[in-house]
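Here chain A shows up in two complexes: once beside chain B, once beside chain C.
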Partner chain A sequence: MSTRLQTGGRLIDRNARRGFTFNGRRLEGVAGDTLASALLANDQMLVGRSFKYHRPRGFVAAGAEEPNGLVNLGTGGRFEPNQRATTTELFDGLACASQNHWPSLDFDIGAVNGPLARFLPAGFYYKTFIQPRPFWKHVYEPFIRQSAGLGQVPAERDADRYEHFYAFVDVLVIGGGIAGLQAALAAGRAGARVLLIEQTAHWGGRAPVDGVTIDGHPAEAWIARALKALEGMENVTLRTRCMGAGVYDHGYALGYERVADHSPGDTRPRHRLWKIRAARIITATGAIERPLSFAGNDIPGVMLASAVRDYVANWAVSPGDRTVVVTNNDDAYRTALMLREAGLVVPAIIDARPTASGPLVRAAREAGIRVETGRGIARVKGAKRVTGVALCAQAGEGAVLEEIPCDAVAMSGGWSPVVHLWSHCGGKLTWDAGQAHFRPDPERAPTSHDGAPFVIAAGSANGYLLAGEALADGDAAGKSAVRSLGMAAKGGAVPKAEAEAEGPMTPVWMMPQGAGAELRMKMWLDYQNDVKVSDVQLAAREGYESVEHTKRYTTLGMATDQGKLSNINGLAVLSQSLGADIPQVGTTTFRPPYTPISFGAIAGEARGDTFQPLRRTPMHRWHEENGADWEPVGQWRRPYCYPRDGESREDAVGREVKNTRQNLGLLDASTLGKILVKGPDAGRFLDMLYTNMMSNLKPGKCRYGLMCNENGFLMDDGVVARIDEETFLCHTTSGGAEHIHAHMEDWLQCEWWDWRVYTANLTEQFAQIAVVGPHARDLLEKLGGMDVGAGALPFMAWSEGEIAGVRARVYRISFSGELSYEIAVPASQGLALWEKLVSAGEEFGLMPYGTEALHVMRAEKGFIMIGDETDGTVIPQDLGLHWAISKKKDDYIGKRAQQRAHMVDPERWQLVGLETLGGGVLPEGAYALAPDQNANGQRNTQGRVTSTYYSPTLERGIALGLVRRGPERMGEIIEFATLDGTTMSAKIVDPVFYDKDGEKQNV
Partner chain B sequence: MLILHCPHCGVDAEETELAPGGEAHLKRFGPGSSDAEFESYLFHRENPRGVHFERWRHAFGCGKWFIAARATDTLEVFGTYRAQTAAPPQDIRDAITAKRPGWAWRDLA
Partner chain C sequence: MSEPVSALDGAACEGFARVAEQGPRGMITLRGDLASVAVKNAATGVAGVDFPGQRECHVVGERGLAWMSPDELMVMLPHAEVPAAVATMTGALSGEHSLVADVSDARALFRIEGPGAREVLAKLAPVDLSPAAFAPGMIRRTRLAQVPAAFWMAGAETFELVCFRSVAQYVFDLLKGAAAPGGEVGYF
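So, the complex of A and B:
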């Protein structure tokens, strides 16, 4: 069993007890525990089930590389799935539950998959489930859905807050082991601004666990001194619980600080995302031990040798009473010696190497531990817990020589540097045959804006696995970083770290070397995704030669741990199967983040009201107080309608439309884009920008204009008013002002930079109010001021003056077909004028109307709306807008494109009105059916609905649509498909449904 | 996340301040051009692994367009210059040649 030892545990405080629950069971740990160490202290080795086969799973590791120990953590607003127990600090009241099993962790029905395992080989998603087709719906999909997904989805809103933090430093050191500490010291002493971050809550990394001495003292003493020195430097910032998540272009890096995961609800933000710019980045990210591939290496109780050491040294937890150590290197002997020292039984060290003779091996033999060289594990015995191992000759096929009872296995296949952060921004790797791992190639480092390398790997992350080398390398990295920035590195003796010397390791990719199919099917590479040696071999046989393809075919390394344990082992199996060298096969791509980071941290403060800026018109408050039902339009909020007591949205819209047509309506049109274009060449510029002629517009007049992109497609429309000889005011769609302004600037700056024109986006400088309806003139005349009579201010003219004592520019333009004045006033006067209009308008039956009434009225008049009638594939000619396309101009943006064969094809879908036969409303976006099917067996189409409304004015459904050769087919009846499978018949009619001659707007 | 120097306002701007505008130094073809010329102008773009000339706008800054000469493979920036420039200036081309002898881009080398 796993249990808490009576003594030891450098990170725990035995007197500070911490209560927690696992699957509802009350357990107790102590301060300093991780959730994993606390569970193991309570003999809870079984913590989850694997993804595909629902195999029982226990802890394999003690840190960020753990693939199995994932739990549903927390409750309510603090519930989060897939949390790694090995990196979760224990706190009082923690509640967690195991994942991926039904009905219970101990008894999982899904585990019947086990015997069926041979029906779920590599690539089973791709081959098994394709045929026969009906099986997909009735058999495969329900099966996959039941077994898919590890944790549960949170049901409640996140109770925590998150923040972003920006930092600018000379040197960012990622990793607070002895190499990282020394690198920070070297850089800090040179006067560089240094940020040192460490993902765990503790400094020093593995050195204190591995019995390293520095300058003759235990590593812990040196670590304390180094920290004190660093804390004393004003130019150095230190952060624990802060992981280097990613390294990006030009020295950008992300740090992920888990500020309050261990103290939920303490009012601090839960996570902090550091956005760091560093001139140099030192990755002192350590190394990760590799599992060995032997049959049954996934049975709970089989752990990494270093993890066993961590649990004993850091938390005084023994993973088992009798632990067999199996290895291909000397380092694992440290685990055997430590277990023995803790009074635990080590029945044997099984060493795959033919001989072993380093000082650690000698020490083990001298301690009386049985050492078996040239041996391997044929298979692990047990189901939900290790009960023993069967020994075999490593060079053989797995004939069992002996069985050894035990309840834990500590394995070591050698160490791989954590090269992720080095690789994120293009750092290349080199294969180190002696240590059988990839390490950073210093000749091919990631480069920055000036072409100089900006990432330096240090310590074991750089392939220096022994403490003495690692510390010296950290020193060299710190000094090289500051020197490359033009700073002088300070001298001083490099501290000397010492640990027991190690003999050479021997790569072991399969145990035993000649294992047959039966054994290979039980050798796990990827614990979380259930990928075995046999799966990778099968992929190779089926022709998957690229490591990237094999990864996707087998799902090796695609789980939440991203293959931290399985990558190199899988790669080695693949290269052996292909008969190629490992460096020839290469690695998969390392992508950020190093371990998953929370969505909360990515979002930061951008939640709820602060998700994005909200743009408010000067009359926003009035709308709010008068019951506006809001509609988002870009970043603006516009009233959709103003429902009165008990009124539905539909009823409100109908009332607003009718009242505007019969009496008087008021619309807040302030969101319309208003761009001033000024200069001697302004007219010439607008002639290029719009399809129609603008240079011949007379001051005092307005003209509707269409704007296309260079591809010929319609992108915006609006009314242009000529203010004077050199000045035009261009109105754009609501929400279109910014990108149309950018479009203008692009052409002005990059194509016609010698033209004398400037532009200014005045959208927010003016409030704009549309006074619309038969009584519009009556109202303005009642308020008094400028002459708004038909003579002084005819349709499509504008004039300046005062309305109700407010300086105003009034445009006689109409988007509704009614008599209409758009009044622009300084933004600060908008609300005052609006309120005057509302109160003076009472006698005329004035009501405000919203965007939906605006839409209905424009559709009744057959006016197009950008984004409804256009979708980026529609040219003005499709919309019957030939009258707004100048034939006199040699050129305008989009003209050449509109001459292409496909654009002048008479078969193009073109704008028409659609009248349903029964008076009903066509569904939005519905397609018009054509006879027969296309090559894909889909029904042919001949048009689609672009706008569809119930018209309160006509008391029937009306629609606009694009139909093949539509304008030639007036009166024809065509069928539209509805979502329920039926069809609706509609007659092709003129798109102008109401007041075709414009008598109402021209009065 | 690139940092590019804006030659208009002098700021070293982060990518979040910038808007990309695609390949630089395109020659516009309008009415009267052949289908092939127009197709090439509108659609054919370089996609080099190496030296490239790109348009960028200091969108959340001074609002001005400029051109960056940079390496797409190593992220090295050889220089930036105002968009109101018909062809890459000689000093920029010299800077590229110093770092990448034998470089070529479109008909430049």
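So, the complex of A and C:
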């Protein structure tokens, strides 16, 4: 059983007890524990069930590479699934639960998959559930979905906050082991701006665990001195709990800082995502030990040899009283020696190599530990925990020579450098046959905008597994980084790190090497996704030669750990099955993030009130206080209508329309785009931008204009007012202001750079209020300040002056068909004027109206709306707007496109009015039916509804639509499809339903 | 005229930096040839500060000149002086291709003050805010989370920031969140 040792534990404080719960059971750990070490200290070796077969699983690692130890962590607003217990720092009150089992961790009904495992090989789902086809959607998928998945989905809103932080540095060092510390020292001493980040809460990496000495002292002493030196440098920043998540183009990197995971609710943001721009990035990310593939290597109690050392040295946790070590290298002997020193039993070291003779091997033999060379593990005995191992000859087929009872197995298949961050942005790898791993190829580093390499791997991440060479490599990396930036690296002796020398390792990809099918089916490669040696071999037999295809077919390396333990072993098995060399088969692609990062960190501030910018007009608060029912228009919020007590939206809209037509309405039109265009060439410029002529507009006058893109399609419309000889004010749609301004600048800067025109987007400078209805003039005259009479201010004119004491520009334009003034005042005066209008308008029956009343009234008048009548495929000619297309001009943007054959085709769908026979309202977007079906068996169509409303004025449904040869077919009755399968009949009519002669607006 | 009302009516909050919306500030967009003597004189004449070079911003109290682009300046002055200043500048530039427009009300102005002010902005804008890279006399037009913004320093620990008026509440909420106690980064 696993337990806490009486002494030791460099990271824990035994006196500071920390209570926590696991599956509701109250347990106790100590400060400095990870959740994993605390669970093991409580003999909780079984911590979860595997994804596919629901096999019992325990911790296999002690760090970020852990595939099994995932838990549902936290409660309520701090609940999060799939949290890695090995990288979760224990805190008082932590609550967690194991995943992927039902009804309980100990008894899981899903484990019935286990005996059936032989029937669930790679590709099983693809092969089995393909027929009959409808069964996938209705039978198989719902069933499989229910049994799949790891943790639970959070039910509550996240209680925490998250943030981003932008940092700019010369050198970013990722990894705070001895190589990273030395790299940071070398770069920092040269005066470079350095950021050193370390994913765990502790500096120094593995060196203190592995008994390294530096300059004759234990590694810990040197680490403390290095930290002190770095902290003393103003140009160096140190962050623990900050993982290098990804490396991207041009020195961009993401750091994932877990600020408050270990202290939830302490007012700090939970995570901070560092967005780092670095001239050089040093990846000192260490190495990860590989498992060995023997039958039963997934039974709780089988761990990486280095993880066993970590648990003993860092947290004083023993995985068992009796631990068998199995290895193909010298490094694992350190585990045996450490266990022995801690007073635990190591019944045997099983070494797959024919001979072993390094200093560590000698030390083990001298300590009296039994060393069996040329041997392997035939199978591990036990179910929910290890009870023993069966030995065999590594060279054989697995005939059992001996059984050794034990509680734990410490395995080592060699080490793989963590090359992920090196590889993210294109760094290439080279196969190191001596150490049987891929290491960064410095000749093929990721390059930056200037073609220079910008990532430098250092230490064991660069393949230098021994402490001495790792530290020297860190020093070289730091110096090379600053030199490449034109800084002088300062000299000084490189500290000398020493550890016991190691003899050569021998690659072992399967144990024993001649294992039969029965054993291979129990050799786990990918623990989390349940991929075994037999699955990869099957994939190879079925023709999967590419490692990327094999990965997707078998799901090797596709779990939340992204194959940190399994990838190299898996591709070695694949290459053997294919009879190819490992470097020929290659690796799968390393993609960010290095380990999963939270969605909260990615979203940062973009949640809740600041999820998206919400644009408010100067009168926003008044609308809010007066019960506005909101509608989003781009990022603006506009009142859709202002329902009064108990009124439905429909009733409110009807009331607002009628009141505006009969009395007086008030509209907040501030969102309309307003772009000032000025210069000697302004008229010429607008003549090119609009389809109609603008250069001959007289100062003081307004003209409606259409703007097309270069493909001829209508993109925006609005009223242009000429301010003076050189100046125009262009109104755009509410959603169009920014992109029309950009469109103007694009043409001015890139095409007509010699035209003398300046633009300025003044949209937000003005609050704009439409005063609309038969009493509009009465109200303005009552408030006084300027002449708004028909003589001084006729239809389609504007003038400047004061209204109610506010500096104003008044446009006599109408989008409703009524007598209408649009009053623009500085935004800081908008609310004041609005309130004056509201109170003075009372005697005229004034009511504010919203966007829906605006829509209904414009549709009654047959006015088009960009985005309703247009959709990016409609040209002005389709909408009967020939009158707004100048025939005198040589050119305008879109003119040539509008002459193409398809654009002048008389068969095009064109704008008409539609009147339902029964007075009902046509559904939005409904299609007009044509006889017969097309080649795909779909009903032919001959038009569609673009706008449809109940008209309170006419007391019937009205619609605008695009119909094939529509204007030629006045009076014809056509059928429209509805969603319930029935049809509605409508008559093709003129699009202007109300006041065709415009008498009401022109009084 | 009624008293001009700024977007948030002077809303303020205290975090590890103080964030406060400022009252109305006069701002005039001037577009023209920045090498032209007439343009320089028109700008410095009403602002009363030195003409700025590329990415520079000279501010003294409410008056200032900011370089906005190779052919655009922002002139700052007290809000009440804007109509007269626009008239003066327009008159002075009558013979010159240029554009002068009052944009005072199109914007909201914030102050971020305190030792943590740099960190507040560094959470929201992709700008190197280290003292070595950004100091008084400079301006950055950039983005603040999802909206355009520009800022400069009005003192060693004081930033002034402008955004569009319609997103003033969004920007206030952003700054408030970024300055919330507990969010100190300790980087600068």
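By our rule, the second predicted complex is superposed on the first by the 861 of 1003 C-alpha atoms of A that agree within 3 Å, B and C clash if a C-alpha of one lies under 4 Å from a C-alpha of the other, contacts with A are read in each partner's own complex, and residues count from 1 in each chain.
Just so it is clear, a contact is a pair of C-beta atoms (placed from the backbone, for glycine too) under 8 Å apart; a residue touches a chain by one contact, two chains touch by 3 or more.
Source: prediction; values computed, not measured.
Visitor: In the superposed arrangement, does A:Q829 touch chain B (first), chain C (second), both or neither?
Guide: second
Visitor: Which partner chains sit in contact with A:E366 here, chain B, chain C, both or neither? Use first/second/both/neither.
Guide: Touch partners of A:E366: none, neither chain B nor chain C.
Visitor: Applying the document's definition of touch, where does A:Q749 land relative to chain B and chain C: first, second, both, or neither?
Guide: Only chain B; A:Q749 stays clear of chain C.
Visitor: Now for A:K678: first (chain B), second (chain C), both, or neither, which partner does it touch?
Guide: A:K678 contacts chain C only, not chain B.
Visitor: Figure out whether A:D997 sits in contact with chain B (first) or chain C (second), or with both, or with neither.
Guide: neither
Visitor: Who does A:E443 touch here: chain B (first), chain C (second), both, or neither?
Guide: A:E443: touches no partner chain.
Visitor: Residues of chain A touched by chain B versus by chain C: which partner has the larger set?
Guide: C
Visitor: For A:F168, decide between first (touching chain B), second (touching chain C), both and neither.
Guide: A:F168 contacts chain C only, not chain B.
Visitor: Which holds for A:D980: it touches chain B only (first), chain C only (second), both, or neither?
Guide: A:D980 contacts neither chain B nor chain C.
Visitor: In the superposed view, which residues of chain A touch chain B and also chain C?
Guide: Residues 277 of chain A touch both chain B and chain C.
Visitor: Okay, in this complex, where on chain B does chain A touch?
Guide: Those residues of chain B that touch chain A are 1-3, 14-15, 19, 21, 28-33, 35, 38, 42, 55, 57, 59, 63-65, 71, 74-77, 83-84, 99.
Visitor: Where on chain A does chain C make contact in their complex?
Guide: Against chain C, chain A makes touches at 161, 163-168, 193, 237, 266-269, 272, 275, 277, 604-606, 609-610, 612-618, 636, 676, 678-680, 756, 758-760, 762-766, 805-807, 826-829, 831-832.
Visitor: Touching residues of chain A toward chain B in the complex: what are they?
Guide: Going through chain A, the ones touching chain B are 248-250, 252, 277, 425-426, 447-451, 710-711, 742, 745-746, 749-751, 753, 890-891, 895-897, 899-900.
Visitor: Across the complex, what residues on chain C touch chain A?
Guide: 1-2, 4-7, 24, 29, 31-32, 71, 79, 83, 97-99, 101-107, 119, 122-130, 133, 145-147, 164-170, 173-174, 177-178, 180-183, 185, 187
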